[in-house]
Amino acid sequence: MALRTREQYLATLSAMRPNIHKFGELIRDVTTHPATRRVVESHARAFDAASDPRLAEIYTTVSSFTGERIFRFNSLMASLSDTIGNMKLKRASYRRTGTCSGGTCVGWNAANVLWAITHEVDKEYGTSYQERLKAWLLHAEANGLVVAGALTDAKGDRSLKASQQPDPDCNLRVVEVKKDGIVVRGAKVMIAGAAASDEIFVVPGTAYGRDEKYYSVAFVVPRDVEGLTIVEARRASDGRELEEGFDIPETGITQGYLFFENVFVPNERVFLFGEYQYTGKFIQYFTANYRACIGACVAGQGDVMIGAAMLMARANGLPVKTFQNKLVEMAVNNEATYSAGAGALALGRQHPAGVWVADSLAAHTNKVLVATLPYQTKRICQDICGGIAETGCFPSHKDFTSPATGRLVRKYLKAGQKVSAEARARAARLVEWLTLGAGVPGTMHGGGSPDGAKLVVRMETAFEEYAGYAAQIAGIAEPVPEPERNK
Amino acid sequence: MALRTREQYLATLSAMRPNIHKFGELIRDVTTHPATRRVVESHARAFDAASDPRLAEIYTTVSSFTGERIFRFNSLMASLSDTIGNMKLKRASYRRTGTCSGGTCVGWNAANVLWAITHEVDKEYGTSYQERLKAWLLHAEANGLVVAGALTDAKGDRSLKASQQPDPDCNLRVVEVKKDGIVVRGAKVMIAGAAASDEIFVVPGTAYGRDEKYYSVAFVVPRDVEGLTIVEARRASDGRELEEGFDIPETGITQGYLFFENVFVPNERVFLFGEYQYTGKFIQYFTANYRACIGACVAGQGDVMIGAAMLMARANGLPVKTFQNKLVEMAVNNEATYSAGAGALALGRQHPAGVWVADSLAAHTNKVLVATLPYQTKRICQDICGGIAETGCFPSHKDFTSPATGRLVRKYLKAGQKVSAEARARAARLVEWLTLGAGVPGTMHGGGSPDGAKLVVRMETAFEEYAGYAAQIAGIAEPVPEPERNK
Amino acid sequence: MALRTREQYLATLSAMRPNIHKFGELIRDVTTHPATRRVVESHARAFDAASDPRLAEIYTTVSSFTGERIFRFNSLMASLSDTIGNMKLKRASYRRTGTCSGGTCVGWNAANVLWAITHEVDKEYGTSYQERLKAWLLHAEANGLVVAGALTDAKGDRSLKASQQPDPDCNLRVVEVKKDGIVVRGAKVMIAGAAASDEIFVVPGTAYGRDEKYYSVAFVVPRDVEGLTIVEARRASDGRELEEGFDIPETGITQGYLFFENVFVPNERVFLFGEYQYTGKFIQYFTANYRACIGACVAGQGDVMIGAAMLMARANGLPVKTFQNKLVEMAVNNEATYSAGAGALALGRQHPAGVWVADSLAAHTNKVLVATLPYQTKRICQDICGGIAETGCFPSHKDFTSPATGRLVRKYLKAGQKVSAEARARAARLVEWLTLGAGVPGTMHGGGSPDGAKLVVRMETAFEEYAGYAAQIAGIAEPVPEPERNK
Amino acid sequence: MALRTREQYLATLSAMRPNIHKFGELIRDVTTHPATRRVVESHARAFDAASDPRLAEIYTTVSSFTGERIFRFNSLMASLSDTIGNMKLKRASYRRTGTCSGGTCVGWNAANVLWAITHEVDKEYGTSYQERLKAWLLHAEANGLVVAGALTDAKGDRSLKASQQPDPDCNLRVVEVKKDGIVVRGAKVMIAGAAASDEIFVVPGTAYGRDEKYYSVAFVVPRDVEGLTIVEARRASDGRELEEGFDIPETGITQGYLFFENVFVPNERVFLFGEYQYTGKFIQYFTANYRACIGACVAGQGDVMIGAAMLMARANGLPVKTFQNKLVEMAVNNEATYSAGAGALALGRQHPAGVWVADSLAAHTNKVLVATLPYQTKRICQDICGGIAETGCFPSHKDFTSPATGRLVRKYLKAGQKVSAEARARAARLVEWLTLGAGVPGTMHGGGSPDGAKLVVRMETAFEEYAGYAAQIAGIAEPVPEPERNK
């Protein structure tokens, strides 16, 4: 079976029902509209890579179902090696696109985690969710599907649970149960890469309780399913995507708000419904794997920042060695999240269902690093690159090429003698995009907030055991209890 | 004498010769054009403040020449109290506009520093620069001028001195000397607030040497002087300024590229020309005062970040106390640069010419803090505010109000029960603007780079004296010299 | 009137009643006993400095009472310049001793702050505390007294107020009121420099309430007053002070536990008693000044760390420039606390009583810096110096000189060719002492804890005002209140 | 075959030839002398653990040679799981002893790495080093040997190579080749746990060159071999080990200076001699594994710091939850080095010889974390614990129990009501010992310096490749070369 090609991928996207809006406009063709063609290009590069001999090992693997070569982002990850393969793919994608390719990431993780969850649910309740999931996985493998994952709900009032919200739609829920399927309503927000995806994998956004069964649902739908309206978020400097010129790269990211208005999902695409007891475990597995692997994302973007800083130094007329210490500091930050992520995987275990689950404590520790170190890396990058790159502080492409001012802009933007004004401008815009523009992925809250991660660290750290070690080494024989009144 | 009013200020700007370009277009009226009206609004608020009883003490003072009440930003700063007054004005302006008002800052500092420099130059060379400067200062005071300051040259190849550049225009220079004035050519870049200014104070961008006399020049020109073309830099998310709606605040900043093409400057507006020996000292005084006072800028913007984080918490349905530790951490960062700046002033001294000069070592230390702490403050702000604010990840104002999608966007953006979706969106856009958008001032390289500041710290630290203290305390009687071969 | 000399100072100390214990032993003469002679030496160097022309301006000043030249540490500080003089003295002392000289610091600050407090109390209650204080100040000036300050109480259970403690002595209190004086009991702990002091200035350790009048007391006593027993704390590596050899420097610090067992204090030495309403204000003024000025202490020790790192580099055979970036980073840290401290003073004001009071918000911000930056500075120092200095990991002086092993130890400790093994060892021991030994002053909790400082920052930051600025810039017209249920 | 018991271990140590000196004294029996009995106790606890059912899996494994159960620290590590087993053992040991147990660490790593190196050398040169090593490993397994590892040479002038040193002994070298063995001279310094070891594994301390064959040597000797003199380093507060009382824990660490004066090593214990080409690779493998695994050491000590901080909070009368955020911050630091270490192992590979080698880039990144994060953890620990723990600032055990002062000391040291003064004192001493005393392991330079690690990061980062990614994303088609003159 031949792997899907870039051309096939683009053709499919073009043929989909238009249901994506941005800037008040309905986008007719995501592959050509300037607001979405960059995120499509980013994902298309994964198809290119699959047939590039230097990258094929990273982007493809062998199906555990069929033994055929498939895209890695459609595979079940059974081993440590498979999950490190996920990290390698992420780093490679960031290196080639500069930013997030959500359609080769979140749906993949969701399917893998549900493989474990459906195993447990089926075992307890005699359901046959895993069988449905397997059928869908075979379909995804066979067609090389790009699948966004939708976890985050609109949430409403952060101090209330889903079942307490004045507007019950704040979290996505089942509003009708039919014989052949379910009908869902609600919103999933900040969903990366939906515009470049064939399908959307929808999963619970939090751990639900007994009275929240109708929120406890997981399923997959085509991106253009009836009843689904998508509005893309606007982010810093994304207005440039609508312009001509080099003020923004040719790759990109989108983050959509997905509004489900009574969307019908046929039963064979429903992988959880009502088993609220497993939503917490789903979140646990999902975040463990996700927060381990995102160490590779920020590392990959950090690699590009290193490269961009080198270009800027040279464009400014300075040798790279001037900044060697700073570049190494950036590299240390990149490798720190990458290796801590790999460590979270290595400290994990194989689930009885056959998929690998990262260690939760280590993964959430990594999330804290991911929410911290890239800020330093960006700061160092801006430090090296000078004011022109720090805030992208130089005239627009229009002024660069304008008959009235272009001559002056180009004359004075030239710095290093062997580098053109345009190359310097492009490098500076890249740094701006990576550190203060539309290329910045949400490393703080993407994949969940660091405060949530710290909560997990708190729950999973054996504090009292540690107090015991300390008492033993200190030679304290008496009990050292909590003060009574403060309990 | 009555202080200039907002209306008078706007009328003057409107009447100027159009010479500012952005996005390939010549701006006819800076007070109404969307690309510049926000920076004008920011500066106009200083005029409002001067007549606000709660702020008048901050924004006005008494002229040491005439005894009349003038705008503080036109005054000579003779004492510690006067320079702390500069800091208070900066912090107040940031609090009211959210960002930099360069036209009430850099020209002011330039004039003050030149007051000291012209004193020294006149004394050595018998020139009468200070007299010229006094005449101009009286004019500025009397008219309540807003004066941008232009220091940074295009620079060209960073590894070469001005006199070595293949293109001699890379640093601004005198190209012709006439009986009644000089003719200058070159570029000054990233000049804050030029679009909101009446005049531009042009000063040397570095310390020049014997063969760089023609680069050693200081003068002031009207913003619309013949031969001056200004192209505004584009920065993250500034495209929104051209749109309707709340995706960007009503205040703002601009940073212009000023191209001087044989601009004539009459002698009475030239305050230094050829005395290259004093350019180094000019830079020293200028950066000392500037890098002390910018501690107030980042503190003021940090205050707004604190406030914005509080709004977001409440808009999300959470009480502020949830984030109390983080808010205090932000406040500590703000006060750190503010008090270190005040300390640099307090450790300074009065120059014989009567103006106050900050302590260089302390001021450059503060520059390092200013290039570091705001990054942390922004990170904490994003941490508190959630993903919607981190990267401004939600639909545009157009989608918020669109007939097709506005209903859905508004429904799902609402979170805290007592706060509207619009207020939440506005708060989130403010955070985006402050931390990842057009409101970010260049704290890394603005007012000079931290590496340059560290160089000053290195030059002004008495390292060998410290080695002596250590040897004495350690009881080392023998000399501990540098290894010979490594010298 | 001649200034007291080192010899006179030592003679007085020698003649005092022995009441200091360490290691289970009563110390007969603090000037010669190895456990105390180093702290005495540290203070004696202040007397030397007062007659050193290069340092006299730092260590002496003119009495505002008598017009005579006095030790600066006996003066009232009326102006910003006077308080910056305090900082300069602290930095100079640290540079010459490597550590804290509490006897020229805390009592001085206590007296100054009480000058303001007694002014207020006398005004409200018609007492004449300030007159008593003036008499004592004249005595201190005339005799060049070294005066420790005792603020921190034993405190007992940290979750209870003084009046709630099961053991009422946990905070020092008046247990009897006599006609001619008061009798006090309790403990003041971790009191720096008591062993080198003539007298002890005792002040309230916290803000007391209505039922804590007997705790609200300030007074001064001779160090050897009847009923006072002092036990010196042991700290890392202080055991070496009892040995011969260079494993520890000749200067030092002590921190005493002062046990008051019914100590009688005559009325003329009591400066507050019962006016509990002023204890909070005392703490506020005291900490403001103290936490501003300690920026100089850690800067001064940091200077010595820089010097020690330079010695180590050379002793290892490496030129200092190898570590230039790191040394500058250390210098930046030093100057940061120094200038932030000076800023807290500059932002302060003169109290109506005539003494200068630092700005509280800035001072407590500086305390946070002081609790943070020196840890980085020490880390960098250890980084530069190598394993031998990091943990002082090399044989003792006894082994260095032992007939059995000294030859080998010396042979292999030699590194840089122009530096002896002994000089290398001395430099390494200095680094150990500064960063991991008895020379480490308590920068975290000394002068109060950073958590307490953050509490002040929290109280003094105008949070709601900042939310207002943000709302105005964001264009939010509606109120954004706290969520109701969470109040 | 029964595993060696604590008693057997102690008996062997007692019977060894006395060759260890400290404080100018020759230590007769390391198991009873106060300067060494603590490090012996630390190692003895590993023997206890091996027979503790809860810990046996961590401390023992199965020999790949014999299939018998052996101490894990005598095993060959063939897999990722085996090397993670190394990390688990390290963390468990730190938790039970509070500090480093070098005798179950460095020799073990040395033997494993030499297993790979001898494989390569034998293959290239036809030597039979691995056979010798296998024989020794069987001996070590069978006898449950504790084996210190000695890598760091005295080094002399840091700017010169071994062959350039004026004193050729600065690096350990072969001074004579005999028929049946070699004779070595020189020093290995800062060798952890030698006093608790049966044997010492000596390996090259750096990569040697063609003219340094005689330095290129690896071998193992009994700790008491003829010609070997050991002088233990003194470190902060280790003088307390000679005293009675609780001022120092019952476990501990020693770091010895090993002086080899013509020590004879029989051929069967020589595993490398002259093959200088492999010394670089030895260092590479050795540091990769070592710097991966030390993430567990600092994590384990950090666990004890968390516990100690909890004890102190309670002893002060405060509930642990007061400090929950800080404790979580400490936990994050611990898990960061632990998971990054595990990641470095997971990214590694199996060497053809059958042992696992960590990824070098990730391992050296971890070394940078290990040289940084524990400093933060210690700072937070001191922050929580108060002044009494920060610098151990309270009277000694002698004063605590002294008839003259003990009553007062105990009365005022009591704080939390349910915790005795002694427990509070013991907890505070533990914190002091962990953060500012003899328990501080050299995390900065132990296992090599962070600067060295950064050099590896620099060498192993594909900088130019990253510049290529950046250029591609920025759309820069032209070459962006280094400036010519700066090459």
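For reference, chains read A, B, C and D in written order, and residue numbers begin at 1 within each chain.
FYI, contacts are C-beta pairs under 8 Å (C-beta built on N, C-alpha and C of every residue); 3 or more make two chains touch, one makes a residue touch a chain.
Predicted model only: the values in this text are computed from it and were never measured.
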Using the touch definition from the top, what's the fewest steps needed to get from subunit A to subunit C? 1
Averaging each chain's C-alpha atoms to get its centre, pick out the one most distant from subunit B. D
Whole-Å distance, subunit A centre to subunit D centre, using C-alpha means? 39
When centres are defined as mean Cα positions, the distance from subunit C to subunit D in whole Å is 37
Report the inter-chain centroid distance for subunit B and subunit D in whole angstrom, where each centroid is the mean of the CA atoms. 51
Among subunit D residues, those touching two or more other chains are 157, 159, 317-319, 325, 416-417, 483, 486
Considering the complex alone, what residue numbers of subunit D touch subunit A? 80, 84, 95-98, 246, 249-251, 303-308, 310-311, 314-315, 317-321, 324-325, 327-328, 331-332, 335-336, 338-347, 359, 361-362, 365-366, 368-369, 416-420, 423, 426-427, 429-430, 454, 457-458, 461, 463-476, 478, 480-484, 486-487
Help me check something: in the complex, which residues belonging to subunit A touch subunit B? 21-26, 152, 154-160, 166-167, 169-170, 187, 189-190, 229, 231-237, 239-240, 247, 255, 257, 259, 261, 316-319, 371-372, 375-376, 378-379, 382-383, 386-388, 390-396, 398-399, 401-402, 404-405, 408-409, 411-417, 432, 436-437, 440-442, 444-446, 449-451
Subunit C residues touching subunit A in their complex are 157, 159, 325, 483, 485-486
